[in-house]
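For clarity, chains are labelled A, B, C and D in written order, and residue numbers in each chain start from 1.
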Amino acid sequence: MIEFFNVSVKSKNRLILREINLKIRKGEFVYLIGKTGAGKTTLLRLIYMDLIPTAGNVLVDKFSSSNIRKREIPYLRRKVGVIFQDFKLLPDRNVYENVAFSLRVIGKSRREVKSRVLSVLTQVGLNHKRYHKYHMLSGGEKQRVAIARALINEPFILLADEPTGNLDPEASKDILNLLEKINKSGTAVCMATHNYKLITWAPHRTLLMEDGFIKQEIDPDNLNQILEL
Amino acid sequence: MIEFFNVSVKSKNRLILREINLKIRKGEFVYLIGKTGAGKTTLLRLIYMDLIPTAGNVLVDKFSSSNIRKREIPYLRRKVGVIFQDFKLLPDRNVYENVAFSLRVIGKSRREVKSRVLSVLTQVGLNHKRYHKYHMLSGGEKQRVAIARALINEPFILLADEPTGNLDPEASKDILNLLEKINKSGTAVCMATHNYKLITWAPHRTLLMEDGFIKQEIDPDNLNQILEL
Amino acid sequence: MNILFTLKEGMINLKRARLSAVVSILSISLALSLIGISLLAGENLRDIFDRVYQQVEIEVFLQPGVNAGKIKQLRKKLARDTRVTKVIYISREKALEEFQKNFGEDLSTIIEENPLPASFRIILDPANASPKLIEKFVAQISQYPEVQEVLYQKEIINFLHKYFRIAAIAASLFALLLFVVITILIFNTIRLTIHSRRDIIQIMRLVGATNWFIKSPFLIEGMIQGIAGGIIASGILYLFTNLVRDIIFPRLLVPDYMNWFLLGIGIFLGWIGSYISVNRYLDY
Amino acid sequence: MNILFTLKEGMINLKRARLSAVVSILSISLALSLIGISLLAGENLRDIFDRVYQQVEIEVFLQPGVNAGKIKQLRKKLARDTRVTKVIYISREKALEEFQKNFGEDLSTIIEENPLPASFRIILDPANASPKLIEKFVAQISQYPEVQEVLYQKEIINFLHKYFRIAAIAASLFALLLFVVITILIFNTIRLTIHSRRDIIQIMRLVGATNWFIKSPFLIEGMIQGIAGGIIASGILYLFTNLVRDIIFPRLLVPDYMNWFLLGIGIFLGWIGSYISVNRYLDY
């Protein structure tokens, strides 16, 4: 599904990622942890090809970073959902419009959009608030909208870069539960986080990054060892 | 030192803060916790008078929100240090320049600036990296720069709005230790956070906000009860 | 307040929104050039009209029986009038001579006595040659008992004056429009510079910079734009006027004050534009 | 691709950077007006010069002994020449008559025989009245055995032509400068619009909008600016030309194509400006 072969990323003579080899299988749930600057965000950007590696090759679905063309990237993006710590929603539009926007933008007609948006909003539990304005939403709700938008094209993987960084523990747990539910229905999830408590709540394969490479894969049984930090 | 008398903040017919009464004494350390949207950031903005309450009165040092003039606000700000989750540094300048900037801006000469900046950088442990460019710093180091900048005018209080939101647990602990050290030397600290673990590491007076008011002051002994969330 | 620091930050401002500033300065130059051209057109039109007015003669025909003393007296009175530039006396004999020259007929062979009256031809100072003033002057002259009739090319003067006024009004409106455009241009560039520096401004606010300290570099920037626009416009007009003089209209008048005037307008509008912008986008 | 959606997002674009767009359109209007004025000046200058050229006579003096048949033949040949507009034959008698009229002296009383040669007076088509072409024509005519000498006002033609060329070059350079200014203006506004919409563009990228989908509203916006600028400039020139006609120069020529030309330039430069901007700031 997703495979990294000896991937390195260099920026201004500095190696940001070094010789990464990694395989994420269909329907997997993977945590990425590590200090600031370890390279988590950079690794995720390689998957949705916001960045092309300076060496090595990233395979995503049928796309390969070594020979993908610029104009193919939008079609890759439709197969990969992305969510962020700061939600990246449009503050001047309501819930429905925010989710619908991503379908309109890829050329779907108004009618096609409607049924799909409603079904996704139901999935994330926001159907009853679909006409709420952005500023009337709590942080957790905003993140749900972002997740709904990421899900709308039925991606095979959901990338999440510190999705709970701005949320309180309760809201964080809600979002984690939602991501688990989505994962159970077959979508892979890859989540970068500083919140190790999430891992104790829902243990999964965990990659510890340090200084641009994957230092170790942490055994879910040994999780407590990192939490001692 | 800081006192809130029946403070309310209304925005577009919605009460963001309601009837807050609060006193922060000289040299105190206060945590603000609560869900997103509870009003923590709003409360902090009232202290550095980025916002004037719609009802009630905020007293900070010798300034009162009910009769402060616009042109007095800068002089209040020089007595209050503020730091944020996203650091708010100037990415095109190095460590020294970032800290010096805030002294230059209030009209200090180059010579006065130098000794003061070096002493503050020593205080936060960054003197050896003073000529490092912004992008060469880790998240924890960036936050130290922000703290140095906030300290430079020797404020009587340091306001911190989720200062560890973008930091990994290790870096968060470092920052907390630094804030404690600063607090011990006499500066009050008021910190809004979602990271309840910080409170177990360094227990202090903790205010739980909910829906615009201070729901309760949590007994440091009962801290575990909130961590169970 | 630290001048050096302000200037340094001002330079950083200029670099940040450089393209917008260049675009703004170019547009201001164009607008100021147009103002300059209107001004030139106005001055030269006035000059041309003045010369037309200078050729307008007022003919004052005298009563038949007036004696030489009275005529001399009247002539003196007219010559002393500040509105009058030139007075010529046409005796009855001279009038007859002219008539014969113009029409080729010898009147004296047809009728016995010279039927033509003596007259003064008066040329007025152009400053007093507006239709109203001429009319007033004529009415005044007509009062004298020695005067029989006063004639002048009333229609031509009224026509010229009317169109000169229309042209002047149109040009003023146009200039006003250009003033507004320049102000908006500077307003907008400063707004964009403020926008592009909002991070740094937020930080300045946070650490306690005074409002005046934050605002002043933008005011300076606006005035620099006005000055630059004025200088470029002066250059354009210099080329333009030389070209026009060489090719079409060698008599082109260029008022000395023009360059200073353009520069002054540039600075003035630069200050207004940036002042409004700064107070709109940088006030608490 | 969904046209309605694109248009709707385009409207939101315009609202976002409204002031910048208005400023840009106003500046474009000014620049296009200046181009229009240059064009007008050029056309009218050419018209005036044409009329001067039309009065330039080439005098072709014939050899003394040429007989009537040869003269008739030459006349036909000249009349058939496409470069020639008008040929007038001045016989020896006619020449003498004119001489007497001009100088008031009766030559025939001084000398016995008429000393003046017969001649043709030729007026050329203005299109062929450039100094070089005239010289070529004259050289050609001089070859004919019947022709004794060819005279024309060489200096005046050279003088006019030289300055007309200088004016034309200066106006072209000025127009080129204005083209560049317009392009930069549109480039800059689109850049600012892109900047003000970077959040929404980032989200579009993220959810898989094609590059073309993201770019097209900005291209449309640039062209709308060009169109608006062209229309306003046409309006300004309409007022300007009417004013000039009424007051100073009733013969003012206004080419029919002018408004379409300005609109065309507006659209063309609008497209170029936004195209460059979009490819600079919106490419991966």
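One rule holds for everything that comes next: a contact is a pair of C-beta atoms (placed from the backbone, for glycine too) under 8 Å apart; a residue touches a chain by one contact, two chains touch by 3 or more.
Keep in mind that what you see is a predicted model, and the values were worked out from it rather than measured.
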Neighbouring chains shared between chain A and chain C, ordered by label: B, D
Taking each chain's C-alpha mean as its centre, the one farthest from chain B: D
Mean-CA-position distance for chain D and chain C (Å): 30
Between chain D and chain A, distance of the C-alpha-averaged centres to the nearest whole Å: 62
Gap in Å, rounded to a whole number, between the CA centres of chain D and chain B: 69
Shared-contact residues (touching 2 or more other chains) in chain C: none
Junction residues of chain A - those touching two or more other chains: none
Contact graph of the chains (line, ring, star, complete, other): ring
Contact pairs between chains, per stated definition: A-B, A-D, B-C, C-D
Contacting residues of chain A [partner chain B, same complex]: 33-37, 85, 138-140, 162, 165-173, 194, 196, 229
Of chain B, residues touching chain C in the complex: 48, 50, 70-71, 73-78, 82, 88-90, 101-102, 104-109, 149, 152-153
Of all residues in chain C, those that touch chain B in their complex: 1-2, 5, 199-200, 202-211, 213, 283-284
Residue numbers on chain C that touch chain D, as the complex places them: 19-20, 22-23, 26-27, 30-31, 34, 45, 163-164, 166-167, 170, 178, 181, 184-185, 188, 191-192, 239, 243, 246-248
